[in-house]
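As written, the chains take the letters A, B, C and D, and residue 1 is the first residue of each chain.
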Amino acid sequence: MTPESAILLIYCPDRKGLVASVTEFLAKNNGNIVSLDQYVDAPKSVFFMRIEWDLTDFAIPKKKVGEYFDTLIGKKFAMNWRLYFSTDTPRMAIYVSKIPHCLFDILARVHTGEWRVKIPLIISNHRDLEPLAEKFAIPYHFVAKTPETKAKSEEREFALLAEHKIDFIVLARYMQILSEKYFENYPNRIINIHHSFLPAFRGAKPYHSAYNRGVKVIGATSHYITPELDEGPIIEQEVVRISHTDSVADLIRKGQDLEKIVLARAIWYHIQHRILVYDNRTVIFS
Amino acid sequence: MTPESAILLIYCPDRKGLVASVTEFLAKNNGNIVSLDQYVDAPKSVFFMRIEWDLTDFAIPKKKVGEYFDTLIGKKFAMNWRLYFSTDTPRMAIYVSKIPHCLFDILARVHTGEWRVKIPLIISNHRDLEPLAEKFAIPYHFVAKTPETKAKSEEREFALLAEHKIDFIVLARYMQILSEKYFENYPNRIINIHHSFLPAFRGAKPYHSAYNRGVKVIGATSHYITPELDEGPIIEQEVVRISHTDSVADLIRKGQDLEKIVLARAIWYHIQHRILVYDNRTVIFS
Amino acid sequence: MTPESAILLIYCPDRKGLVASVTEFLAKNNGNIVSLDQYVDAPKSVFFMRIEWDLTDFAIPKKKVGEYFDTLIGKKFAMNWRLYFSTDTPRMAIYVSKIPHCLFDILARVHTGEWRVKIPLIISNHRDLEPLAEKFAIPYHFVAKTPETKAKSEEREFALLAEHKIDFIVLARYMQILSEKYFENYPNRIINIHHSFLPAFRGAKPYHSAYNRGVKVIGATSHYITPELDEGPIIEQEVVRISHTDSVADLIRKGQDLEKIVLARAIWYHIQHRILVYDNRTVIFS
Amino acid sequence: MTPESAILLIYCPDRKGLVASVTEFLAKNNGNIVSLDQYVDAPKSVFFMRIEWDLTDFAIPKKKVGEYFDTLIGKKFAMNWRLYFSTDTPRMAIYVSKIPHCLFDILARVHTGEWRVKIPLIISNHRDLEPLAEKFAIPYHFVAKTPETKAKSEEREFALLAEHKIDFIVLARYMQILSEKYFENYPNRIINIHHSFLPAFRGAKPYHSAYNRGVKVIGATSHYITPELDEGPIIEQEVVRISHTDSVADLIRKGQDLEKIVLARAIWYHIQHRILVYDNRTVIFS
């Protein structure tokens, strides 16, 4: 049995004594560090840290950890911080359209217990994947989207997300552009998979563009979405070699294997609280 | 001892009987196939082929092979074809500016006999790498380039290329844009290395752009140059993973290892006569 | 609609005129080549070829193709050859134990139509994955195996395979060693996935061995099984980087993504009839 | 200008308060952390750390840093530690036999200033690469080796290493096995490059073995040598895909590019003091 741990994600202006202050706070209160990763963006003089410690013998009660940390450390160093507990299970909404491979892969990982995550609902602008969701007993909400109904549809989606206390959203090949309100409500909490190595081949039909350009490598990119299409902070990328013998259909087939792996890695980092976003770049803590 | 072989590169409109006709021509004249690779671009209905055969017992004299082939096969099928002999040594000019790692890598490969190629001269718009060229006894021509002198400088370069009977040019991090006359004189015979996975990060300072975009993978691309900057047919690409901890200096360091490998592979394919260009894409025969 | 095509896989002693003879046979009978790949193992002087042609206008009736080919070409050159038709659907049996990720991935690909293949049955020495098979309505046969019952259990398995006219078997993390009779009955038709880059870490617990050895790269290998454990001809391999921070659990998690991809590629090559085995090595035609 | 920094490499039994103690020591003495990476081997309960800090305003004089650290921190926690300064230039001896590509690559990196390292001498059991060493004005010592002269030859080598105050040795395809005295004198300071992905294909002729086994991926491994051949702690590995069309000569050509890159990365980690060895595994700090 893994004991319960707490995870702090921190960023603040860099200065001397930051690591010492945080680790001393844990040491004095009998917290055993499970993992620590820190990084300084030297050109911008910003300090980033992820620290995870065992709560078993920790002197401060779980409910008070955030308050004490902020009072004793956070305020002093003007830290932006977030606190997570390993026993909390993140609640993930999945958005899909018609293409099933990413959804299938996510369902497999959740079904086999690879991830500690709950899927209270799937939302889709098509009915195609409803039978698949039913096989795994996950509520599937069809929310049609046309240019006319978009605002109203999104209101319904927000209601569903609120009702199910959704922590973050995964766009598993959801072929709709979300309005800005989404980014305001779920900043750095909407993960998308784009089927190219961004920034190459933004937008629609990247495999066709890759074929026409004659590249020798194709890729996939998972990123947090932002109002600028395919410009959000990149979480993970992977590539595979192709050759002139590969047709567009081959690129799609090979690329889909990339997509599901790259999306899965991003979800893994996210639910492990390993990602900090700063200046449209991600820090991925190890 | 590898016996002398002939290599045919062919492309033409696709139709039935092409492979049969070419291979029958060789079989009838006692040519043993060393390697054969063919490819059909189905959407465009174009046939591509590379065939290499042993000349030892071939019935047609070496000097007559092209003429016979064209008369008996090429004309009939409206083939574009080129004929090479394995015993001919391609003559390569290298263009450099100040950055040495690609030049160093090329000199190493030639010096150690990895490639069958001759380097009659190096041309540069700077004097920095002249001592390195001297170590390997390769004539180094400094040809200054300013916007005013460009036309005149290129005339001098063309004279040098002609004088030394240069077959193809390698831009080993040469930081100058060539005029259109170069493409006319050396179509698909000028290989460039660009330090990004094209089409991402075209133009100047791609490592800085990659850093700012926060990609998780960087790349390098070798391609034949065309009048559109960084838009020529791609020969080879390779990538390497990076992380948020990598500074721009780290990207440059890691990227340089990619650049030299990717450029070397392109040169290898070129001197092995394994590349056909069609519609701004390359067919790389195996 | 893709038209029906025929596929020939050939190997024979190398000599002049092989490609010409085969392609002339197709050309004369109005067969349009869809793809052709040939390879000569020069040290052993063996010729290998895969050729696929459109049957639409082919002069020889489908049922007579094999007979005519053998009479006119095959016998003359002492060819080993096999003939396939693109409209035939291969019948695949899956063997599993308790670990689900490879099975899940295969079911996803079949369910979404990525592969043209039929799964008439799943065989397992455990009941754990039966509910998953039921979700996709695939008959699941529990065949217990103990050292005492092994011979009898295999008899039952052979009966099931015969009854369902199985063409090939996929061991999707099946943790049992098959008897020699399997290799005799299904030579080069049993695909296994091993969770290491063979020949490193043969046998049990390769991730633990990889961890203890401190490698920086782990891999997965798909191969046809032979009587020597983990020594069969390799079809495909892939690797992923790891670091000292990865625990054995991390290796297993990262490795499972490799396993399913590497197994899927092998199945793809197999059902496309792209694999020839010779001297314990595979020729994978492109 | 990068300011001078100090680097501490530490390992010791894991316990609470380690990071706090080390970082507090720096903070109290006005040392600004440039980078910090720590890792706990949980199964073995061992703590590892690399910490680098700016010496500009550090309160303790450079010559006293080690003494103060040991008195105040190291002894208390039973730390194994080593202290380095960024302004010291490591002195590297290169051993070669006849194969030049790794030596060439190292010379290129040193010549172009990629590495902060000095090469006071090259030692070889052949004269072949002496002209190359001369081009770069590096003293080349021919030390013949036969089974009879081995002991005496090694004595001469040790004298040369001592005379030139060598810090570490790089075996750049040196085809001789060193005696145990080498490991005693230079523990974890002799870097070898082996041309396979260890533990596969140990010993001689790994490319031939890889060809015969029919692998689809070849690799290279850099490691510190130990008395057991090819069993030392692995520093870095890399692979490249191959296919059935690649001959042994192709494997050698493709593999040599891996070898030089993988060896160069290992040297880079070593001279950056990023490597700790424990239990025949390496911790590579980022």
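Just so we're on the same page, contacts are C-beta pairs under 8 Å (C-beta built on N, C-alpha and C of every residue); 3 or more make two chains touch, one makes a residue touch a chain.
Here the structure is a predicted model, which is why all the values come from computation and not from measurement.
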| item | value |
| --- | --- |
| Taking each chain's C-alpha mean as its centre, the one farthest from chain D | C |
| Comparison of C-D and B-D by number of C-beta pairs in contact, larger one | C-D |
| Centroid distance [mean C-alpha coordinates] between chain D and chain B, Å | 36 |
| Centroid spacing, where centroids are CA-atom means, of chain C and chain D in whole angstrom | 42 |
| Two or more partner chains touched - positions in chain B | 243, 245, 286 |
| Residues of chain A touching chain C in the complex | 100-101, 104-105, 108, 111-112, 114, 132, 135-136, 243, 245, 253, 256-257, 261, 264, 286 |
| Interfacial residue positions of chain C with respect to chain D in the complex | 39, 42, 197-201, 213-217, 219, 233-239, 243-245, 247, 280-284 |
| Chain C residues touching chain B - in the complex, by the definition given at the top | 16-17, 19-21, 23-24, 26-27, 30-38, 40, 241, 286 |
